[in-house]
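Chain naming follows the written order as A, B and C, and within any one chain the residues start at number 1.
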């Protein structure tokens, strides 16, 4: 799908929102929204798993932290548009292509957040946990991870919101791709405001909504953070 | 490794270095977008961050700004801006400015906040005006952090500017889009290579700037605080 | 209870040993205090007992069993550990913090809840703090939680690494007293590390003075170490007011009291004057059936037939047999008569102390 819009005239008059279009397209809009959510959750979920593995490795073997940081950083620096496109010879114009690219964009922030979260657990707390007789696995699951949660969740927020913003770009791969991006590309191709607005506004709303939800989730999971006060 | 070979061939082809679609032209277009976006973002975020950072009152407002900024999807913003600004560079610049402002703002804010209050107090006591204090004391000491914010924004802008090709503008994104249209992956890779090169240049540039900024005043201040506050 | 045999520790990459050939024994129910300057390896030694640090050489046994033969976490479940920063889990309530080891051991919920209540009461924490988080408590309260948590599974051994170092001196004194009273009830074997010589003297049944590199300079009850320091290092470490420190450990009852000039209030002034002549004093203490009422100078007696009508001056300070000689010396210094009165719990006259007798008390 080409999005080159040279020569499209700005003079075409149209209302900002043609409500009839929206009414006719409620089904596709819902479908696109669900696809958008699905792509996001899968990407962040897989990213979380992979980053956890990388983080566990980097915590155990400190020397690998910088190399992993650098590699995931380079993956983040590659423009999303290009990554979607470059994967097509390998995995085709499919959702898999989109997912691979989306996952790779989450890796650096999640990796760094997990390592930072665990590193910030105070040394005295870690020592106590060890001294009281918790096994290594108990220390990790009962003490270190819960305390690392605030930092991990803040990284998760960034990764989620970034992914929501990148999903539409995968619409370059085809008209059935890209979640809400389909409307954006459609609107650009036909120079039609309504789908542009629907796609753009819903994407922004989705990003903010997920961000707020994750903040709430973090508050629920970490009640001790809110109650801190100096005595 | 076939791909690498094709990439090499592409860069060796002199035709790719001339004309409207030549490397110099596209790089210039890309850097033009970057320059406009960074200039506007700095004009908003640096004074904003510095002034709000100096004042004792503001606190959570700024954290919220930074957080909201992160939640903005750039492509969606471009698309929405097209409605009012049409195709071309303008909507891209809007989105890139929105992308660049939060990190610059946050780092400027934090940078000026973490300047030792005692240093500022003594400057005030010496009779410096507030403007002078900001210029001669706080900004130099906050410079490493301010530069860090600029570095991050700059890299993000360079890496996001290729989206301009989707709305009829130029820049290195054109190689990506046009290459894809004719399935010339060498061209696509060339576009990516050039973008990544610019990002690396960005890192080097700012690494040098941060080093230069960390030398004089910041080092003197660090040395002073090291001597003045020995642990008992 | 705890035996260290020729224990040594060298950290990789360091030329000097942290602990050199240390042999030490801690009896059951005893508070053993490890004390010394920084670099003397006292914390390292403590951490070797629960295998947070593995010894490079030597053997450590707890309750007769070689600690190397047990799994580290099993060993640690049976040893309580309290550190200066507390190390409380910020993400768990006080109750759940205290319940940590019992939960690991698989106790039933009801038994755990009862134990938490019991312990909070034992260490002096109000019950409504149980649902709070550590960050909401003061430093002193946090330390108490640390102690309660260490005692939760009733371990026979407690290791404490400068646990009261981070609180202010008033709270620290209180925590020390509470530890002593706790120990009187529980009789745990405690190994306590501190760099504060006064804390060591207050708490220790047995004090081990360590030099840099974990060299054991002297060990013994504080009274003995203070009386007979083994060498220049210990002497200097104990500080200049060694004598006063010893006085703080010896009770008034250990000193020989001077009988002093006393009369019953029913006696006549003539009898009082006779006592003063015999004792060669110019004052007399007036008792009422053995209880102290006050004193009168020779001049105050003139012109009176019996003692009942005379205005007696009360004694400003009195000490009891359980008070320390240091307290007596302090009272003496502020008394105009150069003696201090000793009475029992019912204010019954026991005798007098002067500087000479206090000094003699040191020799016991």
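Going forward, a residue touches a chain if its C-beta (ideal position, glycine included) is under 8 Å from a C-beta of that chain, and two chains touch if they have at least 3 such contacts.
Everything numeric in this text was worked out from a predicted model, so none of it was measured.
Novice: Using the contact definition stated above, find the chains touching both chain A and chain B.
Specialist: Shared contacts of chain A and chain B: no chain.
Novice: Which chain lies at the heart of the structure, taking centres as C-alpha averages?
Specialist: A
Novice: Starting from the mean Cα coordinates of chain A and chain B, work out the distance between those two points in Å.
Specialist: 21
Novice: Would you kindly tell me how far, in whole Å, the mean C-alpha position of chain C lies from that of chain B?
Specialist: Going by mean C-alpha positions, chain B sits 63 Å from chain C.
Novice: Please work out the Cα centroid separation of chain A and chain C, and write it as a whole number of Å.
Specialist: 59
Novice: Scan chain C for residues touching two or more other chains and write them down.
Specialist: Counting only residues that touch two or more other chains, chain C contributes none.
Novice: In the complex of these two chains, what residues of chain C are touching chain A?
Specialist: Residue positions touching the partner: 50, 52, 73-78, 81, 83, 85-92, 100-101, 104, 132-133, 135-138, 149, 159.
Novice: Which residues of chain B touch chain A in the complex?
Specialist: Residue positions touching the partner: 67-68, 70-77, 79-80, 82-83, 86-87, 155, 159-160, 162-163, 165-168, 173, 176-181, 185, 188-189, 191-192, 195-196, 199.
Novice: Quick one: which bits of chain A touch chain B in the complex? Just the residue numbers, please.
Specialist: 2-6, 8, 10, 16, 74, 76-79, 81-83, 85-86, 88-89, 157-158, 161-162, 164-166, 168-169, 172, 180-181, 184-185, 187-188, 193, 196-197, 199-201, 203-204, 207-208, 211
Novice: Under the stated contact criterion, what part of chain A meets chain C in this complex?
Specialist: Per the stated touch rule, the residues are 122, 124-125, 127-135, 138, 143, 146-147, 222-224, 227-229, 231.
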